[in-house]
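Same chain, two partners: chain A is paired with chain B first, then with chain C.
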Partner chain A sequence: MDIILNLLPHIINGLALGLLFALIALGFMLIVGVMELINLAHGSLFALGAYIAMTLIDPNIAGWGSFGVWYMELSLTLRYVIGLALAPAFVAIVGMGLEICMRRTYGKKAEYGLLLTFGAALVIEESIRIIWGSSEQFLPVPEMVSGAFIAGGMIYSNYRFFAAGFGIFMIALVWLFLEKTPYGSIIKAGAHDSEMVRALGVNLTVLRLMVFGLGASLSAVAGVILTPIWGLRPHVGVDVVIPAFLIIVLGGIGSFWGAVVAGILVGLVVGIFGAYASEWSLMSMYILLIIVITFRTRGLFGKKSALEN
Partner chain B sequence: MNNALAKPTPIITKPMIALFVMLGTFPLWGEAVGLYHYLGVEIVIWIIYALGFNLLLGYTGLPSFGHGAYFGVGAYAYGLVQLGLIESVWAGVLVAVIAGAVAAGIVACFLSHRRGIYYALMTIAFGQVFWFIAMKWHTVTGGEDGLLNIYRGTLSFGVFDVSLRDNVPLFYFVFAVLIIVVICLWRLVHSPFGKALQAIRMNEMRAGFVGYNVWLIKWTVFMLSGAIAGLAGGLFAITQESAYPDVMGLHASGYIVMLTLIGGGFVSFWGPVIGAIVFFVARDLLGSITETWLLWYGLMFMAVILFKPEGIAGIWQDLSKKLSRNQKQNAPVVSQHVKAGE
Partner chain C sequence: MVSKNFTKTTRVLAAGMAFAAITAGSAVAAEPLIIGLTSDASGQYANSGASDRRGMQMAIAEFNAKGGVLGREIKIVHIDTETTPATGSRVAERMISRENVGFMIGAVSSGVANAISQVAQKYGVVYLNTNSSSPTESGKNCHRVKFVWDGNGKNFAQAAVKNAISSYGKDWLLLTNDYVWGHNTSKATRQLAVSHGAKIIDEIMVPQGTRDFSATLLKVQQKNPKVIAAAVGGDDLKALRQQVGQLDMGAKYAWINNQQDWPDVYGLPMKNLFGVFGTTWYYKLDLPGVDDFVKRYQAMYPDTKIRVPGNVFYNGYWATRSLLEAIETAGTTNNHAVIKQLEKLRIPAATRMQHDDAYMDAKTHQMQQTVYLATANTGSNDKDDMFRILSNSSPEKVADMAAQSTCNLESFADTPVVTR
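After this line comes the complex of A and B, so read on.
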């Protein structure tokens, strides 16, 4: 009993972390599911979203004239909402641009897409360095969700719970979109058999463009929500893309609930591991992956995928 | 890579001699064209590393995105031997090779059943595990700073000694290692084993049907590639006089993939050599103009993947093919444009 009580805070933290991991993996899952493309630029789009949101929330208003003055008089909460809404839209455009470049690699080996997005990740990261500089920055959050509270002798940050709640909200939203709308049906059908979908008269080119844009904007949402916790630096993308990749494979490529369950599982493992050896906590997820993949090639809920060849 | 089977491959070829002459005389002309000796050492080490890596990527078609791990293991092994056991360069380099081979051999046990993207993912996961160990196991690896104060030492040949303190003798030492590696690898890829590697790249399942033990071949090639990476890492530790976790990270592992591909590792044995030279010269030339040279290098890499996945060696082959076609004007056009990269 004592052990459980001692572990409880770590389990709660782990659960919250797991929801955040699941949030990161959502956009990645969408792209890998429909396009069978490992998007290594996911993390850089995440960082780009966060940087754009930071600029929208706390802009350098010199030279903006009366509009700048008016804008800065808006409350922080309102500006935060504007950032959270507009940054993903910008990133979606960048993602669509990337998808247009990507078209030449369709039909070739999956590694080409992976390599191209690796190059894109490098380019986006360096562009961030040019525009915003290399030093660590700070993304402001509204007062409503900042601060901390104490429960059972442990300090919990409000923002973490807000972020976890937002994670649940986004997961529900994406699930509703995929399951309850005609667009979701088309996307899922495209993931299942793209040739048949094309034969039914769906414009596959546009579908892929939209899915990539949507996936990119989801990674940007995750970036805006998460960087207040993890800090905002140009190479934050690398810290993000690998867990996202790992969660998708752990859950099984093409499985929505697989990604969510794997995200929470990874969060829990990292949280509980952190209770005993905090230095090594992030390594536990790789060990988890190696163990699972050694025994279950396709992950926890995976089905056969073209990426295996 | 598409040499006819019937003709026995010579052990020494013209491009090989050209490379050896060019690199062997580097200390004489390098500084005249604005480069420096240390750059030569670095390039030679990375050529060794990239040649070993291409055994995996170009010949067997197995993408490893965590190869920095074995490079790093070699560097740490060299450093630990030097600082803790004996101050012998030979022993250090030997242990570095063995350490790289053992680490890669263990990992390959988990990898060799996997294919395609799952293979790539597992290499990333293992690469991260090694990186984490290097970062966090302070008592052995020195954490984020790494192992410092590794002496360059002296090469003992029994009758005479050579100090590696200056860059020129060090250059000739790594150059001698390169000659051995190039000749061995050239021989290896033109042996039946090398053909089996290419068969696996073309179609793993068919290679299995023909009777090759695909698992064992994939295991062996990964282990060999890791051993060469370990060798390069050991040499790197001598050069840098330290071993640190940076070379094991995802970025460093990505660079080796990028430079091998840009050079044209898919279509030519010499692709990684070209790639390593281009990478380092680009780093120095672009780096002296702009701080964000990686942006331009990344864009170049994207362009190569999009328009010419065969890389610089592929462009070269196309040009020489066009040239020979122009020479025999009325001869029928060669139709067998073998696509090797896919």
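After this line comes the complex of A and C, so read on.
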């Protein structure tokens, strides 16, 4: 009984962490699934979203005049909502710009895309350094989701549960978009057979542009939600790319539910190892990947991927 | 008719002028002295590395403004050591064999510092470890060419442990960053705490690169210690602070954070700056010269986000300045002569802006200096004034005596001679 009582907080914590991992992987999964492209700039877009949100939530208003005074009189909650809405929109535009640069690499070896997105990641990270500096920054959160609560004698962070809840909301939103809208059907069809989609009269160029924009904006959403927990620094994106890639491989390339389930599994494994064998906590996700890939080469929910061709 | 005397005088003058011209010419054309800056620009200690570098650059700029060292302009080569020991080795090899550097300065990570110093010793190039603070750096990993400028984990533990046991209790939990500095610092803390009657109820390892501390913090709550001694650094510590702040756990336990580097906390909310921690310097110390030092920093770096210098900058500055002064005193860049000067280095408290005179321990090559304990300055309205200094301990009180027995410096005969 004691073991269960001891383990329970770690399972709850692992589930919450898993939802955050799934949130990180969503945008990555979308771009890989539809465009067959590993977007190494995913982490930098994540960081860019967080920095833009920070600027919108807690700006330095020197030189803004009366607008700045008015803006800072808005409640922190309202400024947070503005940041959470506008930062992903801005990053979507940056993502679309990146997709336009990508066009010359389509139909060529996968390395071209990898190199281009890697270069873009470096450019974005250095731009962040130039604009916001390299020191640690802080992304404030509304009072109503800060602080902590006690349950079963343990202290839990309000924000972590808000973030996990927001993760569920975003997962549901993306699922509804993909499953219940005609745009989602086109995206899924594009992922399955892009040439057939083109033959049916869908403008594939616009489709790719929109998917890249959507994937980038999801990276930014994850950035805004995660950085109050992980901290904000120009290279924070580096901490994101590897887990995101691992999760989509574990879940199966292009599988929506694969990414969600894999994210939760990784969260559980990292959380439980963190409690009982902490020196293995980071390594545990790789061990999980090795075990799964050994028995299911295409991941948990994977079907034959276009990347295999 | 021209007298013989006049001719002779003219010849002497001409010879004198020629000599002056030659020597002046040689002064103008004196080869610059190249110093390699081995600070991190990426990875876990990128931010601290930048601060370290700014300190070195200010000292070099001050020397160049007064004509360089030994009449030679000082030039800088910087290569990113990426907070990675293997990169540190490669950078050191390249700096010595291809960039022709005479001296190397800079480190925040103990693993990187150790890697660089092994290469430096092989070639005999003097290397200053500015900011890494594993006790092993001046203990078993000491080298004749290496000088350590920061206080180490043992020094900070000496300053904090005894008081913490009597003030907060005997049940201690160690949080240890899973690499050389974390291991050695926690080991030193454990030995001291146990020797003063504390009980170590658990030690939780924190792998480098950990961003989510939720499982660790849940386990801490399950263990319910009185004191948590954390040896966690860099970006890991930033994430830990953020998450402890979110859980309001800063006040629930007595946190002893071995050392707190200024770049790691600057700009964070005060709530995240919990516990008691060590430092070697603070910009608000009420000592002569401090205000002027801050003004020089602000004049040189008007655009930097860190508006006031911290301990990492301070160590980078003083290591570089002391090296250049040692070269001037030695009158040569010969490494053996410079090492001998550094080994007998003693800097008055008033010059170094600390409470006690600082001196180089010739047996371990570690700078012996005042260690301060600090906590969050919660009452201040000044965003920059984040620390409240609680106490200062003299170098003798916090000395790492174990280093004396574990450090075995190479002899001068085993250290290659280098003059650049």
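We adopt the following convention: the second predicted complex is superposed on the first by the 307 of 309 C-alpha atoms of A that agree within 3 Å, B and C clash if a C-alpha of one lies under 4 Å from a C-alpha of the other, contacts with A are read in each partner's own complex, and residues count from 1 in each chain.
Note that in this section a residue touches a chain if its C-beta (ideal position, glycine included) is under 8 Å from a C-beta of that chain, and two chains touch if they have at least 3 such contacts.
No experiment lies behind these values; they were computed from the predicted model shown.
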**Prompt:** Are chain B and chain C a fit on chain A, or do they clash, once the structures share the same frame?
**Reply:** clash
**Request:** State whether A:Val249 touches chain B only (first), chain C only (second), both chains, or neither.
**Result:** first
**Request:** Please work out whether A:Tyr159 is in contact with chain B alone, chain C alone, both, or neither, and reply first, second, both or neither.
**Result:** second
**Message:** Which partner chains sit in contact with A:Met283 here, chain B, chain C, both or neither? Use first/second/both/neither.
**Reply:** both
**Message:** On the A-aligned overlay, A:Thr55 touches which partner chain: chain B = first, chain C = second, or both, or neither?
**Reply:** neither
**Message:** Under the stated touch criterion, which partner chain does A:Tyr112 make contact with: chain B (first), chain C (second), both, or neither?
**Reply:** first
**Fill in**
Clash check vs chain B: of 1-9, 37-45, 73-81 or 109-117 in chain C, the offending stretch is 109-117
**Item:** Where chain A meets both chain C and chain B, residue numbers
**Value:** 279-280, 282-283
**Message:** Give the list of chain A residues in touch with chain B in this complex.
**Reply:** 38, 101, 104-105, 108-112, 114-116, 118-120, 122-123, 126-127, 129-130, 238, 242, 245-246, 249, 279-280, 282-283, 286-287, 289-290, 293-294, 297, 307-309
**Item:** Of all residues in chain C, those that touch chain A in their complex
**Value:** 42-43, 46-47, 50, 178, 204-207, 209-212, 214-216, 218-219, 221-222, 235, 238-239, 242-243, 246-249, 252, 263-269, 272, 304-306
**Message:** With touch defined as at the start, can you tell me which chain B residues reach chain A in the complex?
**Reply:** 63, 110, 113-118, 120-122, 124-126, 128-129, 132-133, 136, 249-251, 254, 257-258, 261, 292, 294-295, 297-299, 301-302, 305-307, 309, 342
**Item:** List of chain A residues in touch with chain C within their complex
**Value:** 6, 9-10, 13-14, 16-17, 133-138, 146-148, 153-160, 228-231, 233, 235, 239, 270-275, 278-283
